[in-house]
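Labels for the chains are A, B, C and D, by order of writing; each one numbers its residues from 1.
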Amino acid sequence: MIENILSLLIWIPIISGLFLLFFNKKIYILNTYNIFINFIVFILSIFLLLSFNESNAAFQFVEKIEWIPSINIFYHLGVDAISVLLILLNTIIFLIVSFYNSTLIVKKTNQYYASFLIANGLTIGVFSALDAILFYIFFEALLIPMFLIIGIWGGANRIYASIKFFLYTFLGSILLLVAFLYINSSISSFSVISFYESDFSLIEQEWLFIAMAIAFAIKIPMFPFHTWLPDAHVEAPTSGSVVLAAILLKVGAYGFIRFVIPVVPMGAQSLDVFFITLSLIAIVYVGLVAIAQNDMKKLIAYSSISHMGFVTLGFFVIFQLFDNTQSGSDMIISLSGSMYQIISHGFVSAALFMCVGSIYDRYKTKKISDLSGLLNQMPVYSWFFVFFALANCGLPGTSSFVGELLVIMSSFKANYIYAFFASTTLIISAVYSLWLVKRVVYGEVKITLEECIDANLIEKILLFVLAILVLILGFYPDYIMNFMNATLENMTNNIILKI
Amino acid sequence: MITMTHYLVFSALLFCISIAGIFINRKNILLLLMSIELMLLSVNTNFIVFSHFSNDISGQVFVFFILAVAAAESAIGLAIIVSLYRIRNSIEINLINKLKG
Amino acid sequence: MESLILFIPFLLLLSSIVIGLSPISLNNFYSGIIGTLLVFVSLVLSIIILLDIYSAEEIIYYDDFYKWISVGDLNIGMGYLIDKFSAIMLVVVLSISSIVHLYSIGYMKEETDFKRFFSYIALFTFSMILLVISNNLVQLFIGWEGVGLVSYLLIGFFYKKQSAIKANLKAFLVNRIGDMFFILGIVMVYAAFDSFDYKTIFLNLNKIDLENLEIYFGLSYIDFSCLFLFIGAMAKSAQIPLHVWLPDSMEGPTPISALIHAATMVTAGIFMVGRLSPLYVLTEFTADFILLVGASTALFIGAIAIFENDIKKVIAYSTISQLGYMVAALGINAYTVSFFHLYTHAFFKALLFLCAGSIIMSLHHNQDIRKMGGLKSKLPITYVSFMIGTLCIIGFPLTSGFFSKDLLLEVMLYENSSISFVAYLMLLLAALVTTIYSLRLLFLVFYNKYRDKDFENIREQSKIITLPLIILSVLSIISGYLIKVFIDLPIFMFGVSDIHYNGIITFIEHGILSPATLALVLGFYIAKKIYKDKISFNFIENNLFNKISLIIKSKYKFDEFFILVSDFMKSISFKMSKNFDLGLIDGWVVNGFPKKINSLAVLFKRKSSGYLYHYAFSIVFSLVIIFGIILARVI
Amino acid sequence: MDIITILFYLVTSVIIFSSISLVIVNNTVHAALLLVLIFFNSAILWLMLKAEFLSIVLVLVYVGAVLVLFLFVIMLLDIPVKKNSSPKLYLLFSVTTSLIMFAELYMIILFHNFSDEANIVVSSELNNTYEIGLMLFTEYVFSFEITAFILLVAIIAAIAINMSKKQRSLRQDPGKQILENKKSRLKIIKGDEL
């Protein structure tokens, strides 16, 4: 079983999701089934984490089966530390979402749950595929459940949002496919491992970099490609938003660290200033835009973009760090910071979207101007909301601080201007998070519900678990840092060799 | 002496006439169907010509198939025309512009 | 002994969590007792540690609890560094905290959110301890932000009050402005020394070639990093122009004003500069900057207090002014002197605030001093305590404020530079101002006649309120006699300036004969004449004086300036969101292209007639053209 | 000039002229009859190319079945004779286009230089029908079956198209309109039935 654990992780949720489509039973049976499957996947991923040897930088649990041998396509799976962490993040978030879903009443419940199960499996596929085409297929297939979740169970303007989401990401993935095909045409392999060993000229690397970076920049999303995210978030159902923010954005970041930077480091190096600028614009400008939002989900969506700016900033400063210090250590710090930011943002944004979703369920509005004084009616919820808002603005002790600190530190070593702009997030994120808290949580009650319902037990437990995770990650980041260390060291050595 | 070229030119001419028939005609769909038959005829002739001059019977087999399919096609076409006439009380092509954007 | 250190933050965190998450059934009173007891235990532990450190020579406790992050060459631990400096700070923080805990049991007893309050102050004390005992900059920052957070939560404690939630947002955001620079400063220090650890940084000070580091805008690298760190301290310690949050923060419950906004949190900036004194010794520009900021804060913000009518805000402005004194002392590298003032100030300012709390409670939450008066007879204990606090703050001889302020002024005078002399004059003037507003408060509240209704029902509060006042009064008076300890105090192995100190008697004599006494007497005279005897001076009607008082009353328009800036930023962000993000990127580019394509499609749609023969014709026509092209190429 | 040549020119000229008139006549019945003529002449032409079986099929199946079907439909629908209403300019264009197309095809044929009679071998002793049958039932048997199936589908489709009971006419029925009343036009349903 251990050698096929990745396949199990991928296919158990997908197949049980497909099975669920033909299986429309009473709601509690569906809930039990859904939670059970997600729980099995979660246990498997824990098992994966425990049996993963983090001191070994090579890919582990490799499965390689011929699939379409005539054009070098293999069913090739394997994980390194980065993938393991993201898979774990993924399974935790999906488990939480499955519990959260059980508190909701939605139409076509079985199909709704099936979409999430399939998305779960596909995301694990994305994180564990070692064949570029297999990655591409999972990457694209992931769009389908998300498209359906937004398009069927979304809000009033869901069709526009889902089509925008779909077309936007699709546009990028075409460029990605072209890049993969080009690489294959010159090294005649789609394996990620041979991608790493490839050796392209500078001009080729630049073009490949642009093609792949646009695809992943749309997914993350980076600054000029970000407008699909607020719309998608606003229209998506709560669980969809949670998955979108916590998982889908990470797929883009994962693409950068798996495909872009190690495969075409020279291309990335020659365009790094441009991408650093975009990241800084994302941090400062998108943060400012977030302040102006009147829709809570939109605000959190913009803040997600702003936080993902830190991730890309951490990715792209490594080249200048290498130029400045000629050692890999700072690069590792920077990459770890970005990875940490990815994981931390997964939990924080998931929790925030859950809070907003529950407020919406009760008050039927997401408009900040309609709400006030929630603390009087639902104190438990409100305190969680305040906690996660504070986590969102990178308060030390919460997980977001670690990533921000490491990235600001590295960017300062690269260039002090970067650090200056990056650190403005301390102010900007505090403004949008706490202004939101001030307007929504504090103050006198505006809408009085006939029966004020505070968080139910499941919601309390879920938010509590997330809060504990955020705190643990904030106070004890060393486990994850150590876990990633060997992989990132190997990766940076690879990059250094190639540039 | 009648060469292959003669036959080919003849069928090309027939083909062009029938094509002109398709878009000159504005009266009724029946004439359109007839023009299509005419076109098929010219194609069939070509098949037979090539079959004859290259001494390969396969060409004639294809003509056989084409004839069968053409018969089926005209049968369905006529059926459609009849039902069209029943709905619209006319088969004038001038009046059929549902495709207009 | 060393292991005891770990218990202090642990106990406080435990107290915070237990009280905060305890079930509703736990009685408010008992939870208050639990919290207070745990803080007292920590206080005892800290005193044991202090005595331990003083019993041995040059002892420093230094270790890490655990590794926080280790990646690449970076190692950040969570640990402690206890020398005499931080041990004293620990005792000060914990003693004020435990007294405030005790006081709060009485003060907050009618609040529904009693337990939340106790959880917060325990959390606050925990963060403060984390900051004080930290052995590296990151841990310092964590504590730094932690106290900021709790301050935010406590100012907004009455979350239904619009003014409270405005004030707490303001406090947090202003602090965040400082934090942004603070984190840049931390990162700069890290970039130069490749470590966040104090020990490594200070031991490597000589090894790093400071001349070779980058120079920005004509200032050296160390200048810049110290400047940035100090801007962080400016926000936390409420220095011009980042002081605006502190007066507003008086929206919080009064014990909090005593604990956080007077005695401990606001002194974190002073503590931080003192902690990093080996770095600050190396800068000249930043030191002068600190000096000027401190001196002007002491004078100008102190002046606002003369015209303020809210009892808590008067004390808040006086806090800012006193913090200005401390900061000014940092500017001439007299870190221990500054620390000495911090220490004495903590006691008497906490005392003043708690007295104010007692008055406010007795007057049923009236805070306007224009409606008070003649409370001397009704609130005797409070009166005496308030009197002691006032005497301390104006530096009346033989009180603690006398020792610290006089030492500070003397050190300032003997620093031979023109800037420090200007600062000395400003501080002297500030001493006058301090005397005036403190005595004004005393006279208006306790003397003359009561200026509001219902005088009969005013009575002294219960023992649990007055006991802390008595303790603090005693501490306020005696704390100044430890002056020798502070003069000899080394900060992390570095002894600082050599002060000629010849015993306490000489010092008292010298202090009484100094110009500060003149300022005291003059201030007393003016305050008594105006506020007690109600005699109007001619110069009050003077045009120039009126203008000056108007400027002071406007609080130098700092609030308006910040509102302007924030409104400007808000309008920019709204405009960017509407015009750029939704308008240009989303509207013009993202949705614009499909719209263009759509309109093109509509154009073609109009052109298509729907007639079969037109379609057939266009097919054939295109075929003809394609054939033609092929033919032309073949031929 | 041998008899074959004369016959060729005769037959082709009949076909061309009758196809031109088929395109331009107004009466559909005439057009159908012209089509019969064209098919008969084509059958002669195919005979000249030694495709006896197909020429017979053309006459028997096409003329005998398909064209009769055409005539049936024409008679059934009883379409009034109308003049072609194409604008002059459009006619000019379409005729020119067809002519250009013919010219192009002609050039293609000429430039290709088809070898004349190069491959003509004296036909074997097997006759044409036998040969086609052999091919049909050996090599093309699968296609042959599919053709049969297509014919079946066509029959079914032709029936199905015209057999639906539903009145699909867009023509108005005044009697029915008069019989409608308020109750049959308006149906009130409760909100939750949606």
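What we mean here is this: a residue touches a chain if its C-beta (ideal position, glycine included) is under 8 Å from a C-beta of that chain, and two chains touch if they have at least 3 such contacts.
Only a predicted model underlies this, so the values are computations on that prediction, with no experimental measurement involved.
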Comparison of A-C and B-C by number of C-beta pairs in contact, larger one: A-C
Between chain B and chain A, distance of the C-alpha-averaged centres to the nearest whole Å: 60
Whole-Å separation of chain centres (CA-atom averages), chain A against chain C: 37
CA centroid of chain B to CA centroid of chain C, Å: 93
Shared-contact residues (touching 2 or more other chains) in chain A: none
Where chain D touches two or more other chains at once, by residue number: 94, 97-98, 101, 105
For chain B, residues that touch 2 or more chains besides their own: 19, 23-26, 94
Contacting chain pairs - touch in the sense defined above: A-C, B-C, B-D, C-D
Footprint of chain B on chain D - complex, ascending: 2, 4-5, 8, 12, 15-16, 19-20, 22-24, 26, 28, 31-32, 35, 38-39, 42, 45-46, 48-51, 53-54, 57-58, 61-62, 65-66, 69-70, 73-74, 76-77, 79, 82, 84-86, 91, 94-95, 97-99, 101-102, 105-106, 109-110, 114-121, 123, 128, 131-132, 135-136, 139-140, 143-144, 147, 150-151, 153-155, 157-159, 161-162, 168-171
Interfacial residue positions of chain C with respect to chain B in the complex: 604-606, 608-617, 620
Touching residues (chain side chain B, partner chain D) in the complex: 1-10, 12-21, 23-28, 30-31, 33-35, 37-38, 41, 44-45, 48-49, 51-55, 57-58, 60-61, 63-65, 67-76, 78-83, 85-89, 91-92, 94
In the complex, chain C residues that touch chain D: 617, 620-621, 623-624, 627-628, 631, 634-635
Contact set on chain C toward chain A in their complex: 66-74, 138, 141-142, 144-146, 149, 152, 156, 159-160, 162, 165-166, 168-169, 172-173, 176-177, 179-181, 183-184, 187-188, 190-191, 214, 216, 569-570, 572-574, 576-578, 580-582, 585-586, 589-590
